[in-house]
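Read from first to last, the chains carry the letters A, B, C, D and E; within each, the first residue is number 1.
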Amino acid sequence: MGAAPGTITYLGNRSDTKFVVTVAEYDKDKLQLAQLTDVREIGRYKETPETTWLNIVGLADEAKIGFIGKEFGFNPLILEDAVNTHIRPKIDEYDDYIFGVFKMMYMDANNELVIEHTAMILCKNAVLVLQEMEEDVFGGVRERMGNKLGRIRNNGPDYLFFTLLDSIIDNYFAVLENIYDQLEALEEEVYNDPTPETAHKIQQLKKEVLGIRKWAFPVKELISRLIDSESSLITKETKLYLKGALDHCYEVNENLLLYREMSSSLMELYMTNVSNKMNEVMKVLTIMASIFIPLTFIVGIYGMNFDNMPELHWKYGYFMVMGAMLLLFVAMMIYFKRKKWL
Amino acid sequence: MGAAPGTITYLGNRSDTKFVVTVAEYDKDKLQLAQLTDVREIGRYKETPETTWLNIVGLADEAKIGFIGKEFGFNPLILEDAVNTHIRPKIDEYDDYIFGVFKMMYMDANNELVIEHTAMILCKNAVLVLQEMEEDVFGGVRERMGNKLGRIRNNGPDYLFFTLLDSIIDNYFAVLENIYDQLEALEEEVYNDPTPETAHKIQQLKKEVLGIRKWAFPVKELISRLIDSESSLITKETKLYLKGALDHCYEVNENLLLYREMSSSLMELYMTNVSNKMNEVMKVLTIMASIFIPLTFIVGIYGMNFDNMPELHWKYGYFMVMGAMLLLFVAMMIYFKRKKWL
Amino acid sequence: MGAAPGTITYLGNRSDTKFVVTVAEYDKDKLQLAQLTDVREIGRYKETPETTWLNIVGLADEAKIGFIGKEFGFNPLILEDAVNTHIRPKIDEYDDYIFGVFKMMYMDANNELVIEHTAMILCKNAVLVLQEMEEDVFGGVRERMGNKLGRIRNNGPDYLFFTLLDSIIDNYFAVLENIYDQLEALEEEVYNDPTPETAHKIQQLKKEVLGIRKWAFPVKELISRLIDSESSLITKETKLYLKGALDHCYEVNENLLLYREMSSSLMELYMTNVSNKMNEVMKVLTIMASIFIPLTFIVGIYGMNFDNMPELHWKYGYFMVMGAMLLLFVAMMIYFKRKKWL
Amino acid sequence: MGAAPGTITYLGNRSDTKFVVTVAEYDKDKLQLAQLTDVREIGRYKETPETTWLNIVGLADEAKIGFIGKEFGFNPLILEDAVNTHIRPKIDEYDDYIFGVFKMMYMDANNELVIEHTAMILCKNAVLVLQEMEEDVFGGVRERMGNKLGRIRNNGPDYLFFTLLDSIIDNYFAVLENIYDQLEALEEEVYNDPTPETAHKIQQLKKEVLGIRKWAFPVKELISRLIDSESSLITKETKLYLKGALDHCYEVNENLLLYREMSSSLMELYMTNVSNKMNEVMKVLTIMASIFIPLTFIVGIYGMNFDNMPELHWKYGYFMVMGAMLLLFVAMMIYFKRKKWL
Amino acid sequence: MGAAPGTITYLGNRSDTKFVVTVAEYDKDKLQLAQLTDVREIGRYKETPETTWLNIVGLADEAKIGFIGKEFGFNPLILEDAVNTHIRPKIDEYDDYIFGVFKMMYMDANNELVIEHTAMILCKNAVLVLQEMEEDVFGGVRERMGNKLGRIRNNGPDYLFFTLLDSIIDNYFAVLENIYDQLEALEEEVYNDPTPETAHKIQQLKKEVLGIRKWAFPVKELISRLIDSESSLITKETKLYLKGALDHCYEVNENLLLYREMSSSLMELYMTNVSNKMNEVMKVLTIMASIFIPLTFIVGIYGMNFDNMPELHWKYGYFMVMGAMLLLFVAMMIYFKRKKWL
């Protein structure tokens, strides 16, 4: 905060990622994979006859990112955004390139949600991807790239850009599915064995849904704007594919709204269950007290030490009192049975 | 996930449905029904002087669906959507055909909601319908098709397309009515005999309403776009009918909103009832305890073994205490009566 | 459901209403009232120099309504809607007539809400009104029609159409006022004497508000569209009057939103009252138990039968214990007083 | 209800206000104040070289208002609205005049909210104000009118119209401030000393906010339309002032939304406080019962009359039991202390 | 209230701030800082070849502010708004200057939120900033201004205007972060150790979020309008920077909505925790009462003084009763264990 606009400052907490640039050059006939040992060589990928995917891992090395930006002639503002992990997803169109910031979201090996900052820049012959960590959601893209007859190899960088974006959005569904499963499990838990912990878990899940929505919600509008864009960088055919991605975005947003509403409902259900449990506890107490307190009073009467208490001297006084109490007990039981408390 | 766009992958869980294609060829004068034994013959229905309804059951046979798509020259993207049961309802217009994905919703024999994926493609001379199961909501359409003077026989494929879509929407009302009945029954249950199970049922119903809304809500906009469409495939007269269907969509959406609000209200009412019940339980407990605890204390006093307790030796001491306790009892009863706890 | 569009099917439950057609022909100089004995004569009112109000009661006689439609040359779709009591309020403009469906709402003699289906068709020289029952909200219009200098007599059918619509909307206010009164009464009840029944009544009222909104809400937009209409059937002057009606619609909608919010608030208030009552009950229980349980323990001590209990043999032991208990009682009372529980 | 449109009927409950017309004629050089003794003279203010403010108090005298309307040639519809206290705030533009209906809102001497119906008509040379009661919010305007160099005196009737409207809106802030103070006081009350009465007061305040919103909300749009108006009655300079008033309207609306949300929050907070209080009550009960019920059981054991109870005959049996009970008591106290119930 | 529009009246409560004007004159080559001793000299900064930042602290000195306004030829309306601390953030464009009102928000040394009124006026060669207190959020701007090669020095007043505005918005994030930390701390508190105080804190935080939203929400639209503005005062390049600021505004608003929802959720969670605690309390009570009340009844039986009670004379009667009670106790414990109450 307080820095001049255009200053490149990485705001995330994954500074320990090693800075690595991998290059994939391809056209219909060939695919060449490489790792860039020296970032200073990056300039030569600026204008190649093939399509180039430059995948840059590690956003903390601000100097190198600044260097790349200068080589490619990017506006400093976009490099600031590229490493600003706090920034809202966005797509900015410039004359020679289109710049986008998104969040990859996926479940890691421990089934925990990972949110990873990604910037993508579509140039005339290349797509630059900047990502926080080595892990990403582009495995499928890399695989399909190997297929000589596949669409990636037979299209330009705009299709690659789309396909990467599509992978990001596709993974939102995997995350949503995971959340749905958690919701279902929590509903089961609320119904069968609610503990105070359950309420906390519902709350955590709701926060997670709200957090995901924050990153996923704006994407819809961005893609929609991309479809309406007049930039020469995106072909008409790719726009057709983007329309499909747009439909997916709508679905993601609707599901997020739905899950949010479901988690609120679940909390409500939890509350009613807590109340029902309390009701049950109260009924046990009330039944026990209502039956035995009057009986205790009766036996208390005949425990009094008055000189003149005729009943005490009746031969069957004790048995009569015991019988009367039994009757009272039975009457009480019937009463509570009728009230459906038993 | 991870597959290239345009890959035909059935995502539903009704893979065991047998793949069947039935054909209805008709014009003003004749109606010819048939079952297609070999999918390879489908090409000859592409251009017929009559209107053809190709009804394809079973979405799991991806190869055959791919074949049909190729025969008719459909964009692979639409075949992907046709079997993608997760996809949001949509209508896409192409130059030579209009493609739509919807959900049929109906109550089955066990009065349970069935949601069935349907894709419909309006071509120049034919309507292709792809559905997950043999069961559908088009019984009425088939019947009316037999009527030589009916509108179906005297109109082109666009009217058939409309009439199928109209049947789908009409069935939403049957589903909504069922939900309304459940809401009414649950309200009765909340009022007369609420159990923890009741809360669970309300929650389930709410989830059902939210689920239906997810599939029914987008239809409104799709039809509205169809009405504004400039495609030559839809005649002006059919658009007039579509306006009626649009009105029905509005109604469906309004009812869904209403039912959602009603189910929320019902949960609230349930909560107040639980609280009221607890209040009642507490009152019984409080009355029993408030009356008998003091009395037990009194009899306890005269159960003490002090040497010097004059009252014990009074001739009518016992009866006086009993009388006093009776008075106290009556006073208590009057007190609680006044408080309206009895 | 399942019927072809354009089929005339009455869906309401007032099939026992007798089918009656009354006619009012008028211009500046004369007013002629009549009852049509034979529906087949209706054709002659199609083109008269005077303005004609054809009031048709009873929607169950589908054949006769079909006949009227044919005589006047109406699109069959509008006759389907005219008797479809489930349909959302709508206005459809055709070349020669304007068709509208609305709900009359009024309180009957038992102060219960009546919702009556009404269709109105504005033709060049006539207004046709189709209503479910003989009762309606047009009494004032009939009266004013008698006034030779009044606006109705000096204007054409479009003014009559407006004036009938205006009467329908005006009656919404009467219904709203009734709901407001119920809300006020319920608030009084919640505050003074809430019973479980009260919660149920609030819920019923809320449902009623939601139900009315369903029918009243769309009217606003319909009138707004009528004002923007380019149909030659509506004069500029009548549009001025329609603007007033539009203002009323806005007000109706705002009041409905307000009442819905108020009924939700009321339910909340009810809940707090229930909780407060429970608090009060609990306090009584706690006070009684907290005071008498320790005292009972004390008297229990001196009811023990140990051989060696010196206090029992003290001359004033009994009185000392009684005094001590009195002190404890007083201390307890002060404690609870301080806690403001008494 | 049921009356023909254009009928002048006062619907408010302030019919006892005396009908008074005061006149202020002014231009740069002179200011002449007068009270109109005979309403029939009003015609001569229709066209004067000076600007005239005709302030008409008392809306119940429908005949006189009708007379004024006729003198000035107003559309009867606007006179109906001018005295219709139920009408939503509105501005209607006519060729020769602009008509507006608003609600003055202000706190009276007893700090209670007064809502007063006001109609204002901007003519070529005059502004007519119709108000229900003699009290109004125009004191500041009258004062400023005395200032020869002030803006009112140096501008035309449109500035007067604006300045009156501005006074009305300005007073909404005073009302809002009062509501804010009440909210703060209630929050204090909820926190320190919540009674069932508190919940009722919160509910009342919320209803008041909703009621005010009903009257204040539409004003924003009206002014916005006035700014876009092409009427020659309003100068460009006055429109600049109206923009300021529009900002105020936005603020009023935002504050009302805020206060509504705050009152809802407050009710929630009240509920948690009630629950917390109940928790406290329950803890006292549970502690008392849990400590003394077991002890009472123990003393009950040694109150039994069995022949063979060895402990009773031990020399220090009594003291041992008393000691054991003391230990139990202390253990209990420690247990509850640990649970933080004490 | 009641004052004529255009009257300069400071409404805030920081009237004790000393009125100070500091001047920064700069261009590419030089930077000259000064403090203006006499406000009357301000006129000479109106037209300078350099860019001038006039920073005016202290809004209570209405006379001096009026003087500045007159010197620069500002519309009196904007000076009214400049010192009106109640006014909603706004931007008004005039022919020769652009006027904006905003709220600086920042955490002070005690980590408490400070809201400070600020007005900014962009003229042809100067930016005037009026602020309530000496403290502000422009420290970073002043620092960067010293950098000869920095963007501020190499751009005109519109960039300065942007950069000040950007600083204000940037500080909103710091405030939001602080709120987020408080939310997290409160969630921890709700989970581990909820007290009635916790509910109060949640309520306070929610009110703070609502309050901040009031001031931050409108900024988005203002900047958006500035970007669309056709004023010659703002260069195209600065508009590019403004787009970045707009993105930040979106983010601020989304976070505010998120925090509001989170605080509501938190209150709900608090409620469930209170209910859970009550449940626990009730269980302890019920277990104690259910176990010991029946046992006390049993010992009461054998405390009765009937002449004929055979069990009393059995040799092992006492031990048998004690054994029976032990069995009952164990059975009870098992019962409650099974119910998971223990």
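What we mean here is this: a contact is a pair of C-beta atoms (placed from the backbone, for glycine too) under 8 Å apart; a residue touches a chain by one contact, two chains touch by 3 or more.
Computed from a predicted structure; not experimentally measured.
Listing every chain that touches subunit C and subunit E alike gives D. For the self-contact between subunit A and subunit E, the two sides draw on mostly distinct residue numbers; the shared fraction is below half. Rounded to whole angstrom, the centroid-to-centroid distance between subunit A and subunit C, based on C-alpha atoms, equals 42 Å. Here the spacing of subunit D and subunit E, counted between their Cα centres, is 26 Å.
Of all residues in subunit C, those touching 2 or more other chains are 271, 275, 278, 282, 285, 289, 293, 296, 300, 303-305, 309, listed in ascending order. From subunit B, with subunit C next, the chains follow one another around the ring as B, C, D, E, A.
For subunit C in complex with subunit D, the touching residues are 139-140, 143-144, 150-152, 163, 166-167, 170-171, 173-174, 187, 191, 240-241, 243-244, 247, 250-251, 254-255, 258, 261-262, 265-266, 268-269, 271-273, 275-276, 278-279, 282-283, 285-286, 289-290, 293-294, 296-297, 300-301, 303-309, 341.
Those residues of subunit D whose C-beta lies close enough to touch subunit C in the complex are 1-6, 75, 77, 81, 86-88, 90, 92, 196, 199-200, 203, 206-207, 210, 214, 218, 267, 270-271, 274-275, 277-278, 281-282, 284-285, 288-289, 292-293, 295-296, 299-300, 302-305, 309, 311-318, 321-322.
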